[in-house]
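What follows is a set of structures for review.
Next, two complexes with subunit A in common: one pairs it with subunit B, the other with subunit C.
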Partner chain A sequence: MSKMISYEKKNTPVHKLSGFTKLIFFILWCLTSALTFDTRVLFTMIAIGVVIYIIADVKWQQVGGIFIAVMIFMVINLVCIFFFSPYEGCKIYGSRTDIVHLFGDYTLTKQQLFYELNVFVKYFAVLPSVFIFLVTTDPSELASSINGIGVPYTIAYALEITLRYIPDIQDEFHKIKNAQEARGIEMSSKGKLFDRIKNTAIIIFPLLFSTMERIGVVSNAMELRGFGKKKKRTWYSKKPLKAADIAVIAFSVGFFVLTMFITYMDGSRFYNPFI
Partner chain B sequence: MKFKFGIKEVVALGIGTALFVVLTTVQIPLVIVPNTALQPRMAILAFFSAVFGPLVGAGIGFIGHWLGDAIFYGSVWWSWVFPEIIVGAGIGAFFKKYAVEEGGFNKGKSIVLFLLTEIVSNAIAWILLAPVLDIIIFKEPVNKVFVQGLFAFLGNAIIIGVLGTVLLIVYSKIVGTSSNLKAED
Partner chain C sequence: MVENAPIIEFSDVSFKYRAQQEPTLKNINLKIYPGEKILIAGQSGSGKSTLAHCLNALIPCSYTGDMSGTLRVCGEEPSKLGVFGMSRIVGTVLQDTDGQFIALTVAEDLAFALENDNIPQDQMFQKVDEVAQKLELMPFLSNAPGALSGGQKQRVSLGGVMACDVKVLLFDEPLANLDPATGKRTISLIDDILHNEDMTVVIIEHRLEDVLYKDVDRVILMDEGKIVADMHPDEILCSNLLIENGIREPLYISALKAAGCELTPQTHPQHIETMDIEPYKDEVKKWYHSAKFPASENSSETLLEVSHLKYCYDESRQVIDDVSFEIKKGEMISLVGKNGAGKSTLASLICGFNKPDEGVIKFNGEDMANLSIKERGERIGYVMQSPNQMISKPMIFEEVSLGLVSRGVPEDEIKERVNEILRICGLYPYRNWPVSALSFGQKKRVSIASILVMNPELIILDEPTAGQDYKHYTEIMEFVHEVRQKMPITILMITHDMHLMLEYTDRTLVLTDGKLLMNAAPAEVLTNNDVCDRAYLKRTSLYDLSLKCEIDNAGEFAARFIEDERRRR
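Up next, the complex of A and B:
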């Protein structure tokens, strides 16, 4: 079972920020990386990401596995892009500089390499925000911050329930899986496709039934305590915004506006070094 | 149409998402296309959509996909998160007709309706929306994303059609007939 990324209590400036601030940063950062294709902006984002990692005291053991997994995923993806469309980069940048002819209709071009580098960097630029958000935000604070940006508190509370029950359900999943494996039913990659689906089903059934029971128990308990009767709700773990929070929010918004300006200044979201 | 979003729905959304996230790592790989696999978690999404309706379904799809990806892979592929909303909402659209918890999901009619909505919403999500978002956000080659989308559609339609249907039939049968008690006047 792969390792999960989870909250770790530390005393760094990033941990001290309010969850609301980190959520705003997370959303704006994802938006920026989705909208821009400007190489300069993407590399700046990676640099800022590294700085945040250092400030938040993130260790290589925590991120190493994920980086390697993402790297493998991206390499497969990039090779795929090349085989499906070897001249995508030429179309985007409007020029073509051959490097070496490979075989058949496939020629390696500078533009294609540059385009694939951008796709690669673009994907890596998202990583810090997701990771920092999950590692440095207390799950019980998460709901209050999501409620803070205007999401109804029932939804925020559902998310809180999710984070609370993931470890429980995971425990149960392992128990059921081990029990079934002891009976000779395993979820390996051996066997025919339908056998594999069948074996998976045998493990999922008990898990689903106990989950449905759990839903009944928890919703009864919440009903007894009068959940959802009022329009608003306060949060025990909500942190008030401090000067540092306001500074980070201002930076995030400023960075977003600036990157959008740099990216779209010349009318195209691509940075074109080939002109 | 107005849908109820009461305590039961809140809890179902929360715990259903947790189950969806836990099952993120359970994958039956299809070796043919990289980065796609049969995902049993999709059957769970379909199950909760059919039992609790479109809002819960859409919520589990959206939150579960991004949280699962974030927790286990450390990153989020946004263009594949949003189509999940269509799948959840689409399958849940006729949840009242299935009446799963009352034991209604046993007739050929509800199974056919479930399969039909399942296939249509998966088609819209993976053949149409996911590739278009991939092109808009990542500017990936058109033919690549549509081939990937097609395989994602096939994979999800199959796993929901087989595993999801079986889960619903069995659950509906057990829950719908488990009680012999009758209300007294």
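Up next, the complex of A and C:
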């Protein structure tokens, strides 16, 4: 079974890049999509994202679950936007073209549809890069990169160790769940939703206690081997920057500047096709 | 050796944990010299782990309390250097190799201490390769902890501390989680390191027989915070100090004593292989012929029938490969094999946690294929290794009744059944206590009681005594034994403990690489050289003893000795 959203070792150009490069790319990419509402920029980002997704050889099983969850969340989000602010698009684009009157004060307009499309596309522009970043970056390399951009190493290492123990805790969860199920606590889809939520607590407590026990052991083990002794630490897994890394970083910065220029050229974050 | 100054010197050291009334260490005086290999033995609560924590400065730096007297390690005082400072002198290998494995790959874990010491990357690469070569870890450098065997993990833990060029290696119960053969290899490895490097080794362990597989210079025996003996192993084995202080003697020593032999240090009883057995031979032979052979009583009714079971997680590896066996009603069966041999998988197939690819599991003649986990749970109870993995309610009564409540059993009946089980399990006086107030052994009882209350016909115990010393081991096993007398129950036990298998179980299933290698009486299994080698079991020392005494039927000798021990208990 392929574990969800976890690093998998492969030999693609994306995997070979240094974690530092990927982190820079990822931050700038997120920043771009957060700042811009320019439809052209967003669609370009999606196109680039899909290409990298293919190059990085990401498998659907690794990301599918999360993808579907985000989609469901997006649909709820879009419906809510419509109900709370049905004419947001008209305000932004300064015009109103009605499509169909729904009920009461709610009329569907072209501007609103276009605005919500943009919101939707924004998430789509970012999502592949999140997946790619997570499944192609070795967690310890990631930690070294985060430390590399100035975050204290204790925080960077905390992140690494979380990723290190997620599979262990997943295994433990399954073991405990099975044992409790054998005692007659219904966990399968046969049970009622409320009971299942209640019964989850029966797994969570033992899981919590056995995890706490483990934390005690691990923190002692880390201290015994000098973790936290010095202000700085080196990283075994840190990769030196290569030509490809420099190129990608240059591209990221260039792309960021260009998109910002295109976005704000006309003084508004929004690309307006209704003029 | 003795003319050197001691590398570790306790003078009149006492320590009391802040939360406790009584001191845990009382006036310890102990000298350990460079190059020595010391075994510190003692039952839980004897203070042996506290003593170890003084050496690596976890006491008093992480566990606070009152300390008096002076301790010097390499001329330094650990309490002044702190945990970090001491980590460069004393390398500690913890019992829990999973916990000690911090990083994501072998190489990074070996480098962990170096990283923290801010060593440049190129030097780090060099050092990691050097240590990995010594410990034969080169092929695994990029492996994750999940992809290693128990023995390999232990070697990584060892490498992780060796990378800092420490002077003293401190092993805190290194054998607790290992199968017997891997444990034996670990002891050999420690011995090699001691001879090749300039080190002093301190091992804390209560599995004495396994540690004594290689020479030890001195055994320090602790009880109630004091050192009760500081002797050469040959001497301590001849005395009765071990048994008196809750430590299990090597089996061949117990057998010799049972036969009425007066042991002397001159016969070098430390290893059965090199021991001079001549003076005791006749007595052992005489005893063998007079000892009773256990009468075997077997019910003929089959409870569980497993036939041609096959299972694999993915295409690459067959975890269970064509396994067939039967369990009769009322039997106590042990399931053994090395780490990763498929023991837990077999148990989870029986419980229905996983579905077999092929094969049939019948219970009382009924095919269980279509039963859910919950339905199987009414017939087969599964008790996990640690009670903390199972206990989810704060009060004992609630915890034990959980299974019945979720099955909608009427309240009166629940009360009656739970109270009855609590009486059987000796927990009735505690029924209104919070679980958190119980000791580990009592919690184990609670977790077994909460399964028994559902009246299963078969219970599966997953390593019931893992990590327990002899006293608690006996407590748990005697409890299981008692339950068996009071209730008609069949028990399947997964274990690494060869003693447990010999002493308490009627039959042993040996799994190796997913195949059932042997299905026979425990004494027969543990005296079969070929099976022991292939399944990573440790041949019992009773076998060697009987061979040396020219008794041809080693299996029968072992069986008679165990029967004799049972009678005397």
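Quick note on the criterion: the second predicted complex is superposed on the first by the 246 of 275 C-alpha atoms of A that agree within 3 Å, B and C clash if a C-alpha of one lies under 4 Å from a C-alpha of the other, contacts with A are read in each partner's own complex, and residues count from 1 in each chain.
Just so we're on the same page, a residue touches a chain if its C-beta (ideal position, glycine included) is under 8 Å from a C-beta of that chain, and two chains touch if they have at least 3 such contacts.
Treat the numbers as computed from the prediction; the structure is a model and nothing was measured.
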item: Partner chain(s) touched by A:A179 [first = subunit B, second = subunit C, both, neither]; value: second
item: First, second, both or neither for A:W235, with subunit B first and subunit C second; value: second
item: Touched partner set for A:F227, first subunit B, second subunit C, both or neither; value: both
item: First, second, both or neither for A:A247, with subunit B first and subunit C second; value: neither
item: More subunit A residues in contact [subunit B versus subunit C]; value: B
item: Contacts of A:S140 with subunit B and subunit C, given as first, second, both or neither; value: second
item: Subunit B versus subunit C as contact partner of A:K122, first or second or both or neither; value: first
item: Partner chain(s) touched by A:R214 [first = subunit B, second = subunit C, both, neither]; value: both
item: Touching partner for A:F205 - first (subunit B), second (subunit C), both, neither; value: both
item: Contact residues common to both interfaces of subunit A (with subunit B and with subunit C); value: 1, 160-161, 163-164, 168, 201, 205, 209, 214, 218, 222-223, 227-228
item: Subunit C - residues contacting subunit A, complex; value: 56, 58, 62, 83-84, 87-88, 92, 94, 96, 98-100, 102-105, 107-108, 111-121, 124-125, 128, 142, 146, 160-161, 164, 313-314, 348, 351-353, 372-374, 376-378, 380-382, 384, 386, 388-392, 402-403, 406-407, 450-451, 454
item: Complex contacts: residues of subunit A adjacent to subunit B; value: 1-2, 4-6, 30, 34, 37, 63, 66-67, 69-70, 73, 76-77, 80-81, 84-85, 88, 92, 115, 119, 122-123, 126-127, 130-131, 133-134, 154-155, 157-166, 168-170, 173, 187, 189, 193-194, 196-197, 200-201, 204-205, 207-209, 211-212, 214-215, 218-219, 222-223, 227-228
item: Contact footprint of subunit A on subunit B as seen in their complex; value: 5-8, 10-19, 21-23, 25-26, 28-29, 34-35, 38, 40, 43-44, 47, 59, 63-64, 67, 70-76, 78, 137-144, 147, 159, 162-163, 166-167, 170-171, 174-175
item: Partner subunit C, residues of subunit A touching it in the complex; value: 1, 9, 138-140, 160-161, 163-164, 167-168, 172, 175-176, 178-186, 188, 199, 201-203, 205-206, 209-210, 213-214, 217-218, 220-230, 232-238
